[in-house]
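In the two complexes that follow, chain A is the common piece, with chain B as its partner first and chain C second.
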Partner chain A sequence: MRRLHLGTEGVLALIILGLGVVLSLTTENFLTVQNLFDLLNNQSVNMIFAAGLVVVLIAGGIDISFAVAASVVQYVVMTLLISIGGGNWLFGIALSMAIGTLLGLFNALLIYRFRIVSIIVTIATFNLYFGLLMVFTGGVSIYDVPDWLYYAVPLIDLPATRGSATLYLPVAVMAVISLATGFILTRTGFGRAIYGFGSSPEAARRSGVRVGLIHAFAYGWLGMCAGVAGLMQAHIVQEVVPNALIGQELPILAAVVLGGATLGGGRGSVTGALLGVLLLAVVQNGLNLLGVTPYAFRMIVGFIILAAITCSNLDKLLPQRAMAREARS
Partner chain B sequence: MGDIALRADHVSKVFGHSRVLDDVSFELRRGEVLCLAGENGCGKSTLIKILNGVHAPEAGAVFSFGDDTAIGHITPREARARGIHVIWQDLALFAHLSVAENIVFDDYVANPMRPLSYRAARQQAREVIERLGVQLDPDTRVEELSIARRQLVAIARVLRAGARIIFMDEPTASLTRNEVRTLLDLTRALSAQGISIVFVSHRLAEVLAVCQRVTVLRNGKLVGTYPTEGMTQARLSQLMTGQELNLVPRQTAPSGEPVLELRGLSRRGEFEDVSLTLNRGEILGLTGLLGAGRTELAHVVFGMTQPTAGEMRMHGKRLTLRSNRDAIRHGIAYVSEDRLNLGLVQSQSINMNTAVTVLGELEKPRGFLAPWRVRALTAEWIRRLGTKVSDAELAVSSLSGGNQQRVVIAKWLATKPEVLILDCPTVGVDIGAKAGIFEIIRQLADDGMAIILISDEAGEIWMNADRVIVLREGRVSQELTPADTTEESLEEIINA
Partner chain C sequence: MKRSILIVAALAATFGATAHAQDKPTVAVVAKVGGIPWFNAMEQGIKDEGEALGIDAYMIGPTSADPALQVRAIEDLIARGVDVIGVVPNDRQVLEPVLKKARDQGIIVLTHESPESENVDYDFEMISAQQLGEEHAKLLADTTGCEGSYAVYVGGLSVPAHNAWADAAVNWLSEHCPEMRQAADRFGVAESVDDSRNTTLDLIRAHSDLAGIMSFGSQGTIGAARAVKERGMAGEIKVMGLFSPGQGRRLVHEGVITGGFQWNPLEAGKAFVALGNRLYEGGEIADGDDLPVLGTIELDGHTIFASKPLALNEETIDELADLGL
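Now for the complex of A and B:
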């Protein structure tokens, strides 16, 4: 009696595909290599955030400080790099990861040691990080970023209708981080233990799962992703603006939830999170191409999320009956 | 038989000022099914935790395992190495993970870094499931399974972890009769494989059916270990409570005028064409297997769900309930089967739990909630129901099961109902306290309340109901009077 089971990821992929077909037919520019590459180039930063955030959600937590943490990383890294005379890609990425991880671990420490709910902790650190950043920078941006960071790094260059279509470095970084996260989550015992912990913390504790380690990893990993995302964002816009990323946390959270993660923990996947980001991006892209006012975007995102959550909850109303049936048989 | 699997002597445990266990001895033979019996708070759970290494006993205890080792206490690691496992009542499974992943979960913890394939997990899970001889799809998520099947997953999990001694904490509490039977068969099959099983259960009939011996604790002391052969339920409950329970069937009084009538009441997919009359001063037993539609019917009468056909009448007038607030207004009260989650707000005080159904009343006429009126109400009900409470400001979770149930009943009696529906009112309640609860129920009926008593324990129904309605797959299959039948034949009718 098993029915066709696509999972959240499958449904999302179908919807994106459907939207793609509609947009290809109604607009001239959607189905061009250029547009698709741009979509990826533009979304790589959000996708890196999403890959990190999904780990925290699977572990049953939530983090809204990551976008601000990324801004802090940008600023600290850039200041350090300038003070040592420039640095290079390797050093820049390593430094971003390290500082991002530290900021994430600080969340984990507060949540685990002081038993505070993650949303409260990260609301606090969200304000703390952003406040510190504004105080120390006075809101001043950094424009003279090092040369290696300033120039775009093309990876793939294809001839296109107008000039050429190029895929840049952030997309590759996003791919590496997503694959690594996906591997840890699905192909290691530790990853499965994260799902287990998110699904039932008490059962996991009794099974001998090291709860502190799970917290440290989840928030640390998100911090690391945020650090890298911050560096990539600075690279793309060629400057560091202290309040460039604040406000990004909620749309990314929404995208990850759209991708099948829940605030209850134990569910979600990297694929789903990436598709969630992609879906919102395609919708936005399509609205742009169709000439709809950008103000409508947030409204439509709201509708999409409500519709998605309602549909998935409709499904949850069924099991009770299924169980009753099973109990009788 | 005769081989010792686990032996513990001189086990004591002190928590704060109270001596929870006092020089208890425990012996488990290889391949044996042993029952650990005793009322709530007798020290059963503490003993299990000591034998599993969760708690350390006071000095002087000696543990041995049928070989030459004798140690002063068991560490969790030692317990695992000796194959000692507990399946707690909550099963401690991972709802969002598949059956296979739940079964191999301990591998994930032991080898966090080893790359793994789901296929291997599924294969290993299949092997254990086969060894258990049950039907389970390794790819199903645990959240989609019934409690009985989740239990199988939990058993498979400890088997795979190399269990040789399994403690099962109240394994039958939320199972239907058939599922209990399956579990008991499974228990016997495991013991035939040389696995020793310790069964903790309140249901004495099961205990006697499946166990070879029963170890009884009372107030932290060992009463003794007895063979179950020749043991009766009455004798066992006497050993557990330390007092003679004189259980007498209810003397049926002539019932009064009809209060509630159901005519062809149906709710699609749940129950069909149920007609019954409930009279003043009567206890109407409503029984049947879990899933026969008992609770579903109660939900409709309490206005929680709407019928799809048929009608209800109260005092001859047609009754339409749009919500349970309507039902309460009409004098209908419903004591839920799930006391822990639905019946009480565990973290709130006994006062607030008692007053919660009548907060609106208590606010009249001045429009604010006077704490002294809440306290007076609670004190009144504590007195009338004989609830043992040291301080009504304490969280209700501090009370024993029997006393919690009294608080639930009190909060519904506070609404001054004419019709009281009690859904499995003695689940998780000690034997001694059960008798007290039924005394209250009988008294209420004698005072003129119309009561529907839902239960799947034939004994309870037979002892306390004036009339019995047996549901089967959502339909009334039989209506009878306990006086005209025996407890055994009622049991058979329910399970037919």
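Now for the complex of A and C:
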């Protein structure tokens, strides 16, 4: 019976652990520092997105424009910095956060002020942002990024059998953003208000929650995260390509929902969102290491998503037990 | 005084030129879209060859990649009475009627990158899909000595052109390097630097004998090279494929990208003019002919296959990148 108290995060962690054990036994390379570092390095951008997106989902909204917004931020920041002669890390991050937040606030404004459903607004801004990007860039990529952005910043460097195992800067940025998001959501009154608003907007409004502020924070925070993620992605691939991030929104949305957030609002956590991203990444990583044919990738990923979501919903599939549990507690 | 002499001289030159143009053709080429590096280079080739042959040759670049704009441009050219119309079609089907109209008026019609076009005198291809794949395979075989395993990236598992190139390369390798193994089936990651980079990191780890990566999709070559560089294995794992010279320049010089092949739009521009001129002068084209610009060709129906791969490597990359390609 205790197992049912694990919650979505616990179930996800168990599934990832299970997969990890299987992969450690079946491949030589899964359980190596290098592979685990690579997983974190490669997923840090997606995890930053996920940490931002979970806030919007908890507040009962949805946003599909964030990946494109990140591309816009990349372009605007790079163009501005190159025009002033290069800039530096501090300036780059501050500018990315500011522009990302603005793009997010624009969504919030449309949703709150004009009372449009969030999915419609963000479908519109998704097209608007990408369209503007294409018009102004003509689809031209920026290959000459400033030097500070070009060179990878290693945090931990360990020797490995082939090459080295290195943890890079984006992982630290991801950790800071996740901790900050988690802190606001679980340790502040404002965070509780976001959950409350997501569960029941009307009840929250009547009890004096400032709805406009909740919207502004949720979408603004996601925008800020997207800005930072965009900068980190440009840092990792060392160039800015206009269509590099478009299409990332749905896998990340799937990962966050897998991590326990619901499209109805009021549920979800940063831990869950990160674990959701990690699960999909471990599956992909495992398929590559096992040498499974790429023609079967999508099929297996789809199957794992279904299996994971079913496992984490098991307690809801057993209504009597769940009720009995609640009665007891 | 001086100025008037100049004007007279200029006028004389102009009239002189038009008088000469009576027995020389006018060649006009309609690009897919104007103002992008690829077609800027093609325009350069058209002008260069026009000057070399002393004929009037120019390119028209529509403002967007819209077949309707190409139709209008071709109609204008028919009205203007040019002798040769060349076109790189945005949409073969849409252009068929207007090309038929041009041919009915005795205008010579040439296409490029469109072997399926029907209402043409000839279509020419700088390199066949078969050869493009095989050139990469040969490069891989040469640089790895046929040892170890290799991986193949394509833009998508269902992109026809990419998979045709990949098929040709894999077939060549299984025939000529039977001991070389393909590490896994081909991966559809070559349109994304992120995906190809992540996949490459995994493959390096999973296959200790990985010797080379061929990417038939321009972002895949860059992503694979970044991963190989990150692992400090530049030169040990050979990375090759299609890529845009400007994007890959730094990596080629660092020795991370071994090389690659594509075709040269500048040469294609020259070929339009040279081929048009030859046909205008009544020249016939047969299989195995040695044509100006295109060299020895294979004729398949009305499609001319030249064998002009453009090698991207340490020596050629800067020049091509400077062209903006």
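Here are some notes:
As a convention for this text, the second predicted complex is superposed on the first by the 300 of 329 C-alpha atoms of A that agree within 3 Å, B and C clash if a C-alpha of one lies under 4 Å from a C-alpha of the other, contacts with A are read in each partner's own complex, and residues count from 1 in each chain.
The rule is short, and it goes like this: a contact is a pair of C-beta atoms (placed from the backbone, for glycine too) under 8 Å apart; a residue touches a chain by one contact, two chains touch by 3 or more.
All values derive from a computational prediction rather than experimental measurement.
By the touch criterion defined above, A:V153 reaches neither chain B nor chain C. Shared-chain residue A:E202: touches chain B; no touch with chain C.
By the touch criterion defined above, A:F190 lies against chain B but remains apart from chain C after alignment on the C-alpha atoms of chain A. When the two complexes are overlaid on their common chain A, residue A:Q233 makes contact with chain C while staying clear of chain B. Once the two complexes are overlaid on the shared chain, A:I16 sits clear of chain B and of chain C alike. By the touch criterion stated above, A:R162 is placed in contact with chain C alone, chain B being left untouched. The contact surfaces that chain B and chain C form on chain A in the two complexes do not overlap at any residue.
If you check the complex, the residues on chain A that touch chain C are 27, 29, 32, 34-35, 38, 42, 45, 138, 141, 143, 152, 162-164, 233, 236-239, 241, 244, 284-285, 288-295.
Those residues of chain C that touch chain A in the complex are listed here as 36, 157, 183-188, 192-194, 197-199, 201-208, 219, 222-223, 226, 230-233, 246-247, 249-250.
For chain A in complex with chain B, the touching residues are 186-190, 192-193, 195-196, 198-200, 202-204, 206-209, 266-267, 319, 321-324, 326-328.
Residue ranges of chain B in contact with chain A, taken from their complex: 88, 90-97, 101, 105-118, 143-146, 148-149, 176, 179, 269, 290-291, 473.
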